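Each structure below appears as structure tokens.
Each of the next two complexes has subunit A plus one more chain, namely subunit B in the first and subunit C in the second.
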Partner chain A sequence: MISLLLAYITITLFAMVLLGIYGVATRSNLIKKIIMLNVMGDAINMLFILIGYRLVFPVFPPIYESHITFEEFLSRAVDPVPQALVLTAVVIGMAMNILLTTYAIQFYRLHGTVDARDMAEIVGGEEE
Partner chain B sequence: MEVGLVPIIPLGFAFFLPFTAIATRKNRKVIVGYALVALTTAFLASLWLFGKAYSSNEPLVYAFGNWIAPIGIVFEVDRFSATLVLTASLGFLLAGIYSAKYLSEWNGLEFFYTFLLGLEAGNLGAFMTGDAFNLFVMFEVMGASAYAIVGFYRTRSEAIEGAFKYGISGAVATSLYFLALGFVYASLGTLNMADLSAKFHGISFPVTTRLFGDPTLALALFFALTISMVIVKSAIFPGHYWLPSAYSGAPIPVGAVLSGFIEAAGIYVLARYLYTLFHGLPFGGTLSLVFFTLGAATAFLGSIMMLVQRDVKRLIAYSTILHMGYLFMTLGVGTQLALIAVDFHLVNHAIAKMLLFFTVGAFIYRAGTSRIEELAGIGRAMPVNAFLFGIATLSLVGVPPLNVFFGKMLIFDALMQVSPWLASVVVITSAIAAWAYFKAFIYLWRGKPSEGHGHGGEEKAKWNTGEVWTLNAVEVVLAILVIALGIFAPVLIDKIFHPAAAQAMDWHGYIEAVKRIAEGMLSSH
Partner chain C sequence: MKRDAVVAFSFLIAFLFIAYAVTARNVLGLGGTELRPLGEFYLSHSFAHEGLTSHSPEVVTAIVWNYRGFDTLFETFVFFLAIMGALSVLRLDGEQLRQARELEATMPHRKMDLIVRATTKLVVVMIIAISASIALHGHLTPGGGFQGGSAMAVAALLLFAAFSKFTLERKGLTLRHTISAYAVGLALILATVLAPVFLYGGKILEINLLPGEAGLFNLDVGEYTAVTFGFLTVFLVLGIPEWVFKNVLRRELND
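Coming up: the complex of A and B.
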């Protein structure tokens, strides 16, 4: 039962990754593109958390305490590495969000639109 | 001095630059001086690193905080990395000097230099790192700085468009690489490059986990996602769409470093994974086919699109796509000759392409436009610059005494090992590119006769005619390098690039260098 649930979550997350790429490619609104980028990024982060997860009860935090045997610790403690990776990726994602949103706002200030089609038209028109 | 300090130097200087600018009330001279000191220090450090890598018989290892792999993050620098680090830091230094003059009428120079230094830090870090996740972080450092610096002309809509396109494509691409790391971590249980290689080759490594699941499947997914990252980051055929807009929006010195080094980082990553870590992959043949197909498609696309461009910046952008296609194609060969060709061409292309960007930048600096029609005839007003532009184009086309010829020759030889048809792609696309450069040169020198002499005359009167000597000085340095690298190419290949490729393909030495330190550290505790 629990492994069925885990498979369901994994498949959903992979579907979200694909959905995110689809959204970035097809949405014409710049803000929606940024939102879809975040959907994708967060799905990948969740997948990473799942890699470190242990299907046991109770799960220990990855801090070794002397009243637990080492073997038990190994089988029950959560792997801390994926969490560290996700923490890094989340910070990077925030920086990327700020940067991309700044560009969307800047384009809105210049031309009053956040639509990629208008953007292509405006820039293409200037080049001609 | 420690190996790990080299990318920290530009990063540290970048961090304090905005504060320095505020403290000195944005004094232009202080900002430029500060940035040039930082870039020169980084260059000297790279020179030291280069000497050290060539005097040592095995890759240099630096463990951050003395946490040795696979527990901590390590930098592992071999000769292949060292050649690229040296070229990149020299290129960034020259770009920094060039920008001081080129952007002398623009505000916000402190942020420009902050991002330029950030770009250098990420770039050097990506070349030096020995950890697959650290590579992701370095790509993001590089990426974030690049997306920011491309939008430097923030009141121009084309710059904003280019930066947004580049930013969102790059962010998706690096997220895919992050997902790739998930697969490889889940199966191989490590992210250290030496440890990954040891697991792949069945060598025991201290303090590491057992394999889980099917490592071949995990590696296949890892390579599929990593290649899709490189396709976007290095502008290979289906992922090249952002590059022309980004380059035409960016300031010229930024285009130069993006073209020479940031794109090169993607190619470097694949070379590192394919030639050092996972040499002899069970699905290597399929990957080669992907490299040949996409690389040839990219080369044709780049060269044909060069013919129809009416903007010089876009012309150079498609030329970059063309050369990335060559490199991508050569990666698929899988022999030592191919790695020498990739390494040598990365260095040569970076230097020649920087010269091309800088000469075109001097024209744009005078004329204030990058459209070929409006630049028509400017070559005669700036003969020295036009001469240097000629050298750059001849070199990039592949005329014998100049440097790119030897890179292309090695690529040709490497592709001949697979098929003469593939090798002919290099010749055909070079010929098409030569025609495009020739057309551009004729425009710049003679002007377009059909478009009215009176109008052209007014245009000429508008220019502040004459050479820009500060910019020319930087160009002359690059031109000397273009000629010297060409003339001494046989010696350089023998003394520098052959040992570099030999060491990069020695996976045993790559693993041993980290393993010995790790074992030594464990036994001492």
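Coming up: the complex of A and C.
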């Protein structure tokens, strides 16, 4: 039962990653592209944390407490390495978000559109 | 659209393939009951081992602790680049700023409801307390400067929505002040990173030479200040009303 649930979550996350790629590739609205990029990034982070999960019951967070023995802790705690790595990856995602959103907003203010197709026309038109 | 259908269909095929590989063949090794060797090393050594690690019962902290300084430093680099990119795209020169201020002064003054304003005041105080506790505990727990600063920036956003940008500017949070505070945060980080080289003759970022936990604490406080005011700076620039910005920029384009 629990492995079925885990498979279900994993497939959903993969679907989210693919949806993100699909959205970035096919939508021409810049804001929608940014949103889909975020969906993809968050799904990948989530997937990464899920890799560290263990199918034992009851499962512990990687925090050592005094009322459990060390062997029990080792056999029950989840993998802490993915969590530590995602902690840093989240920050990069946020900084990237600021930059992309700012560019989209400024492009809208200057040219009145956030459409990638118009963007190609506008930028190409200035070169001529 | 025929091309869209082809793209969507190929994504569906890819999804079915991945779903088969992950569930039936378990290529990712999900749902195992065994730990990976690296995870087992950290779990067994973070608290019990003598001399190597940080003796934290919270294993994620123990891992991050060992490269906390690098983490903070390069987070700051990335964030600095993002903020500078945003500001250089959104910048207005002196004349344009003056025009924008004139236009803003003509805007009608609107007030939110008393309930909204009173609740916001309460919530903002709580958010500031929580963000400070995240940030000032950053050398002991996961979280730290960046997460605290982000939480603090949310408080500023709430103030933007419930009151207005002008209220904040009247209270002294002008663009010049926030950029100065951002620079102070960055200077604190830089000073902490360079202090071991000049004071103790060590390497860069060798903060264990500094007395006590001063190194990590300073990094956290600096990061907290830098992130809070970096976000605030961008928000203040983005907070200029859309039509004001458009008017000013269109004038520039027409010249």
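FYI, the second predicted complex is superposed on the first by the 126 of 128 C-alpha atoms of A that agree within 3 Å, B and C clash if a C-alpha of one lies under 4 Å from a C-alpha of the other, contacts with A are read in each partner's own complex, and residues count from 1 in each chain.
In this section, a contact is a pair of C-beta atoms (placed from the backbone, for glycine too) under 8 Å apart; a residue touches a chain by one contact, two chains touch by 3 or more.
Small disclaimer: the values here were computed from a predicted structure and weren't measured.
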Touching partner for A:Met96 - first (subunit B), second (subunit C), both, neither: both
Contacts of A:Leu6 with subunit B and subunit C, given as first, second, both or neither: second
Contacts of A:Val123 with subunit B and subunit C, given as first, second, both or neither: first
Subunit B versus subunit C as contact partner of A:Ile21, first or second or both or neither: both
First, second, both or neither for A:Met46, with subunit B first and subunit C second: neither
Partner chain in contact with A:Leu37 - subunit B first, subunit C second, else both or neither: first
Of subunit B and subunit C, the chain that contacts the larger number of subunit A residues: C
Partner chain(s) touched by A:Thr88 [first = subunit B, second = subunit C, both, neither]: both
Where subunit A meets both subunit C and subunit B, residue numbers: 21, 51, 81, 88, 92, 95-96, 99, 103, 106, 110
Interface residues, subunit A side, partner subunit B - complex: 17, 20-21, 24, 30, 33-34, 37, 40-41, 44, 47-48, 51, 81-82, 85, 88-89, 92, 95-96, 99-100, 103-104, 106-107, 110-111, 119-120, 122-123, 126-127
Of all residues in subunit B, those that touch subunit A in their complex: 133, 136-137, 140, 143-144, 147-148, 151, 154-155, 157-158, 160-161, 163-164, 167-168, 171-172, 175, 178-179, 181-182, 185-186, 191, 245, 311
Subunit C residues touching subunit A - in the complex, by the definition given at the top: 4, 7-8, 11, 14-15, 18-19, 22-23, 28-36, 38-40, 42-44, 46-48, 57-60, 63-64, 71, 75, 78-79, 81-83, 85-86, 89-90, 142, 146, 150, 231, 234, 238, 242, 245-246, 249, 253
In the complex with subunit C, residue positions of subunit A that touch it: 2-3, 6-7, 10-11, 14-15, 18, 21-22, 25-26, 50-56, 62-65, 70, 73-74, 77, 79-81, 83-84, 87-88, 91-92, 94-96, 98-99, 102-103, 105-106, 109-110
